[in-house]
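Input: a single structure, listed below in structure tokens.
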Amino acid sequence: MIKLLQSLLLVMLTSIVFQANAATEDKPFAEHKVVLQISDSDPTKQTLVLNVANNLMKAYGGPDKVEVEIVAFGPGLRLMFDDNGNKGRISGLTDNGVRFAACGNTMKKMTSQLGHQPKLNSQASVVPAGVVRIIELVDQGYTLIKP
Amino acid sequence: MIKLLQSLLLVMLTSIVFQANAATEDKPFAEHKVVLQISDSDPTKQTLVLNVANNLMKAYGGPDKVEVEIVAFGPGLRLMFDDNGNKGRISGLTDNGVRFAACGNTMKKMTSQLGHQPKLNSQASVVPAGVVRIIELVDQGYTLIKP
Amino acid sequence: MIKLLQSLLLVMLTSIVFQANAATEDKPFAEHKVVLQISDSDPTKQTLVLNVANNLMKAYGGPDKVEVEIVAFGPGLRLMFDDNGNKGRISGLTDNGVRFAACGNTMKKMTSQLGHQPKLNSQASVVPAGVVRIIELVDQGYTLIKP
């Protein structure tokens, strides 16, 4: 009897380890979560990252099925400047639930370089550090793509 | 009581077998799985992504040990054009089991820009959306590298 | 018998708590592990990757809280050349525990192109293949960021 209980215990411990692994893959609100990074200066990358966000929406069937956040840092922050030519597209994507995060560290650096704080698109939220925001999202199960 | 414990044990063993299958079938053919992304216009990136595929083959000991898929989208699609200068290398890598996936969304966009559909390398398979293919592979345990 | 089952249950609950702890202790030295990739020729990327390493240190509270390794391959290897202008910053980051890994495959390629082996920063360690090193770190729980 004792032996049987011992094996039982061992078997159950093994199964607990397995289940702990399974539990971390939870995605409660959307079937897919994607964080798109933009950190290049090349303006064609701005178009590309917005195209990718759009394609994700179409492919997965809309905002209920996929969470998309675009995180900009370094020279990529320009995408989220108020006078950026993609403002209309950003607004359209925001209506579809896409979120825009702007790196606070880059803001500070650009402010000291420009002599004034750059005006950001009102759709963008400033986060303390873009890279830390990305890591946070990856830890929450987001797939990181840099188009 | 013994009977109850026996059924309990059986139920748990079954569940462990199930979970073990899920875990080991994650990588049925290869020890490593890598998806390489190309989405840049810079032609030196084409050379680099092919070098990386080659280095992975060498480092891990050939096609049986590593699965490599190169996914192209945006300006990166040019790597998979039929007239691309790297055609010979692509063919060599295909012989070593490397797979090439071309983004269907980019194909459509380029077709409307060029006025005709670009002719693709016959080694490339068209997928509906490059980024969705990448996410699919990551979900299957692939590591995503953008050289 | 009921009592025995109760103690068994208790033992198992305790073990669950233990294992939950073990899972978070997966990273014994640091709360966060980040591998930064540099493989671009653009020199502004060199500044950016060093800025990101610096921001990670600041954001997470220093070397005890985050492990950072910068892996260079392809044209990105230039960051780790001995005559690179960022030598001072690399030295400062090394003092803060940031590690620098240089791709051996790229070294070989550059050696045959230049006619001599490029002199590397003494802070950089040569690894056989940059991409393999990255995969190794990702397998160890590092988050891969390419600034």
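We just call them A, B and C in the order they show up, numbering each chain from 1.
Rule of thumb we're sticking to: a residue touches a chain if its C-beta (ideal position, glycine included) is under 8 Å from a C-beta of that chain, and two chains touch if they have at least 3 such contacts.
Remember, it's a predicted structure, so these values are computed and weren't measured experimentally.
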Since subunit B and subunit C are copies that touch, just let me know if over half of their interface numbering is common to both, same, or not, different. different
Computing the C-alpha centre of each chain, which chain sits at the greatest distance from subunit C? B
Copies subunit A and subunit B - rotation angle from C-alpha fit, nearest 5 degrees: 125
Taking each chain's mean CA coordinate, subunit A and subunit B are separated, in whole Å, by 22
So how far apart, in whole Å, are subunit B and subunit C when each is placed at the average of its C-alpha atoms? 24
Quick check: what residues of subunit A touch more than one other chain, meaning two or more? 5, 8, 12, 144, 146
Residues of subunit C defined as touching subunit B within the complex: 1, 37, 39, 41, 73-75, 105, 109, 128-129, 131-132, 134-135, 138-139, 144, 146
Over in the complex, which subunit B residues touch subunit C? Could you list them? 1, 32, 34, 44, 48, 51-52, 55-56, 58-60, 143-147
